[in-house]
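Each structure below appears as structure tokens.
Consider the two complexes below, in which subunit A is the common component and subunit B and subunit C are the respective partners.
On to the complex of A and B.
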């Protein structure tokens, strides 16, 4: 993918639109990032390395399947920023013509 | 219809782990079906900043059970990834799921399910199983997904533990898809993982390609019956395109269960790059051999093993054994009844044909069937002792299924027993002879015509007449009157 196309692709993915000056600035930053990551290409025999899934080498905690009422929020707090209709959160239509 | 055109079907089945008391990543109550919308929520399942997910251990164990039952290879580490998309059912703008790609792996892969199609065994391969969270539930207040002007979301479902089971495209017809799904559901039911009768607990997406043309995905199918219907519709649609010389285009279609057709669908920002990456909030969890072994020990007998046992222990053929076992409640009823009744084949036949037929006919929820094993045993014993006829047994069956009627007392009360008193039956036969002189003449000339007279006697006695005795009396009378 051309780097110019990459910017429009990313715009589409994250649902934002850049101005021309923003595009220029982001292009520069993206170039730096991509060049930095290029150093990964120099690593040989990648199969010899365990993939890193998490920056800390810790075991993920689990919990028992017991409900806790403490976790439930006051409904009014949660829904403060939502448009409600009969208790449901109102959202836009989900498909295009 | 031509059968040479190859059909390839792959299924993606979403199953909620309804056996759990809490959601997958938080201690919020999971049983949302009878609750008011947006009442079972917490910062985690709403994806509020700063909230941390913590995995439900039971959910992992159920996933491992399913993986084992579907003969899968289980990953040594459980790794969760974020799958990003923008859609109102997902508050965080990403779903915590698993990724089958570079640097990541689903909880299980490379499994298979055995099915029997037209008496022949067949393997449907399982590509992978994901453990993931369910998104919220969207309602369409002003019509359907296609017509509604806006949508309403209930986030109670958001965060419910979900298994995504994906098959290889090994299925070759809509009927095979049904047989596979019936088997899969039976396995899940035996494991006690999910109650697939609950609304929304079982959802299917289907991939289908006809004549090696483009693959079409059908989304949002809610029942086995609808899977069969949607696939049948889609095969016809694609075949007619091909027959007209056209090509099938690769697309996603939506199954409209009310009009029973598939319609093309383009969902906003949906078929994009999901930008998967390991969820930094969820460090990997080791799935040790010891843990798997310990879970295996707790697993119940599964359908394949039970079918095999039914064949050995009760001398049933594989077909009967399978029909019983795939309806777990029926197999349980069979085994209870078999303790007190040892003509197993007859017992199996009555359950599979008449009993199951009425349950389906009346659309009775198997858990609400009033009949107990004792009822069935009593009926069959009365039949064996010649106290009721086969026809009467068939007539009593719906009463047993629906009302749990006690056959013995019912027969006593209603005089529903077989008419085998010779003198009484002889009177009825003589009556029939008087009413149908021409039929009597016919029967004298042609022995086969006797059936009409037997039928007339049955009608007069409302099916209570003992057929063998009736035939004997009719023959005697025919001879004596000659």
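On to the complex of A and C.
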């Protein structure tokens, strides 16, 4: 993939846009960073190891599927961070693409 | 500099306050006076609570009659990615500039029940993505020892607040060194706990498999005290370890009393990769420590690759974690109407995130995307397993692994952020502990031309007691404790 196409592809993947100056900067940086990441290819024996997603070999604990009341969230506190209309969270008016 | 309340250790203050709780008010005033004097230069905080509000908290604390809290009356600076109910929590990002959490993180609840008071929220790299506190969307924090230099990061505000005398204890978070790096650059003590020892509930996520909240302090005993308060199993964090947490202060006393001899591995590569200045200061301190312990050099392969694996995993997890910021229920509000959802989200995220954040989530999405996942992400996870096994072997022969905390002295503002690879490589010594979930500490061991140098020790999971033990020994030998920078 061309670098320019790659940046546009990444913008779409994570829903951000880079400004013109940021675009220039990331084009310079991205190959260096990806080359740096590729250095892992130098280690031939890696295929002998299973991927390690989580550092401790313990099972995730489970509990009864009942609400916990130890942390009580106040509705008014939670709603404080949203724009409200008639008590509902107001979202922007959108159209289908 | 020494002022009674400004540089006094927390463990001493607590004793004093228990016999005369009204003194807490004098202490609060001393700290606020100091903040008024130095904060305009240091800029360690994003949000500082009002003096009156804190005095009211003190009144309530005294009235509660709970004088036995281990942090009775102590003012704590909290990194701004740890949720505090009713106190704005920004992550140093425009995305959360006006976000007020509706609940306290578990560590905050624990602080409060221990009698501590949150004084304010400290500056950091945006979403903890940086090593210098320069990617903060608001302003950089300055190193109190030299205002032209960075305090390290990403918990740079927490470390700077401590050494500038603007708080007595501080909380940071550490995903790849974000507690230890600023501790080293400011001559403070910082500890990244074993993954799962401290609850992450209420910590705004960066890379969930490596994030840990941890303590920063100006001496080892305070560090142990704060760790004892925040550590412990929490059912709200699925990765919390179901272990009984010891009283680390008591354990520390027992260790010092026993004078136990430890086996310490010195990582040759990590010393050799460090600047000469760092090597000389850290080496001298280590020599003294090795006169009472058994030290041996070890070789560590693939040092450069450690950093590559770390950044692949961190960016991948970040891209997933930061997908939640859509500006609807909370976060940056942007007036856009009659556009598609995709456009609305894109607008919010473009205006809300800074460059480093956008870059990391973009690269994170890339290494997870079809066709590249095995090439980058899975490979990094295979490396992570290999690294863990390498350290399992090392810890069969040694109790601790030593290296400089940072390979460089605190750089000038702008020096490190300009070159991403150089910035990432500066994390080489610290990211190991996060990749494999082990605890690590940074201890101040000296100055080079007036700039602090820190020594790092890593230990097997849940061996925080041994880290605190060597830290206390170095502190006793070098007398680098309770340091406050003049700030001029």
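Keep this in mind: the second predicted complex is superposed on the first by the 71 of 97 C-alpha atoms of A that agree within 3 Å, B and C clash if a C-alpha of one lies under 4 Å from a C-alpha of the other, contacts with A are read in each partner's own complex, and residues count from 1 in each chain.
Here is the rule we go by: a residue touches a chain if its C-beta (ideal position, glycine included) is under 8 Å from a C-beta of that chain, and two chains touch if they have at least 3 such contacts.
Bear in mind the structure is a predicted one, so any value in this text is a computation, not a measurement.
Of the two partner chains, subunit C is the only one that A:11 touches; subunit B does not reach it.
Set against each other, subunit B and subunit C touch different numbers of residues in subunit A, with C touching more.
In the superposed model, A:78 lies in contact with both subunit B and subunit C. Of the two partner chains, subunit C is the only one touched by A:39; subunit B is not.
Using the contact criterion defined above for the overlaid structures, shared-chain residue A:86 touches subunit B, although it does not reach subunit C. Of the two partner chains placed around the shared chain by superposition, subunit B and subunit C are both touched by A:63. Using the contact criterion defined above for the overlaid structures, shared-chain residue A:26 touches subunit C, although it does not reach subunit B. Residues 13, 15, 51, 53-56, 58, 60-61, 63, 68, 70-71, 73, 78, 89, 91-96 of subunit A are contacted both by subunit B in one complex and by subunit C in the other.
Those residues of subunit C whose C-beta lies close enough to touch subunit A in the complex are 85-86, 98-100, 102-103, 195-196, 209, 235-236, 238-239, 241-242, 302, 304-305, 307-309, 311-312, 319, 323, 328-331, 333, 335-342, 344-346, 349-350, 353, 355, 358-359, 361-367, 369, 376, 378-386, 388-389, 420-421, 424, 435-437, 461. Residues 6-7, 10-11, 13-18, 22, 25-26, 29-30, 32-34, 36-37, 39-43, 45-47, 49-56, 58, 60-61, 63, 68, 70-71, 73-74, 77-78, 80-83, 89, 91-97 of subunit A touch subunit C in their complex. In the complex of the two chains, the subunit A residues touching subunit B come out as 12-13, 15, 51, 53-56, 58-68, 70-73, 75, 78-79, 85-96. Listed in rising order, the residues of subunit B touching subunit A in the complex are 20-22, 26-30, 36-44, 46, 54-60, 77-79, 86-88, 103-104, 138-139, 141, 145-146, 148-155, 265-269, 272-273, 275, 278, 280, 282-286.
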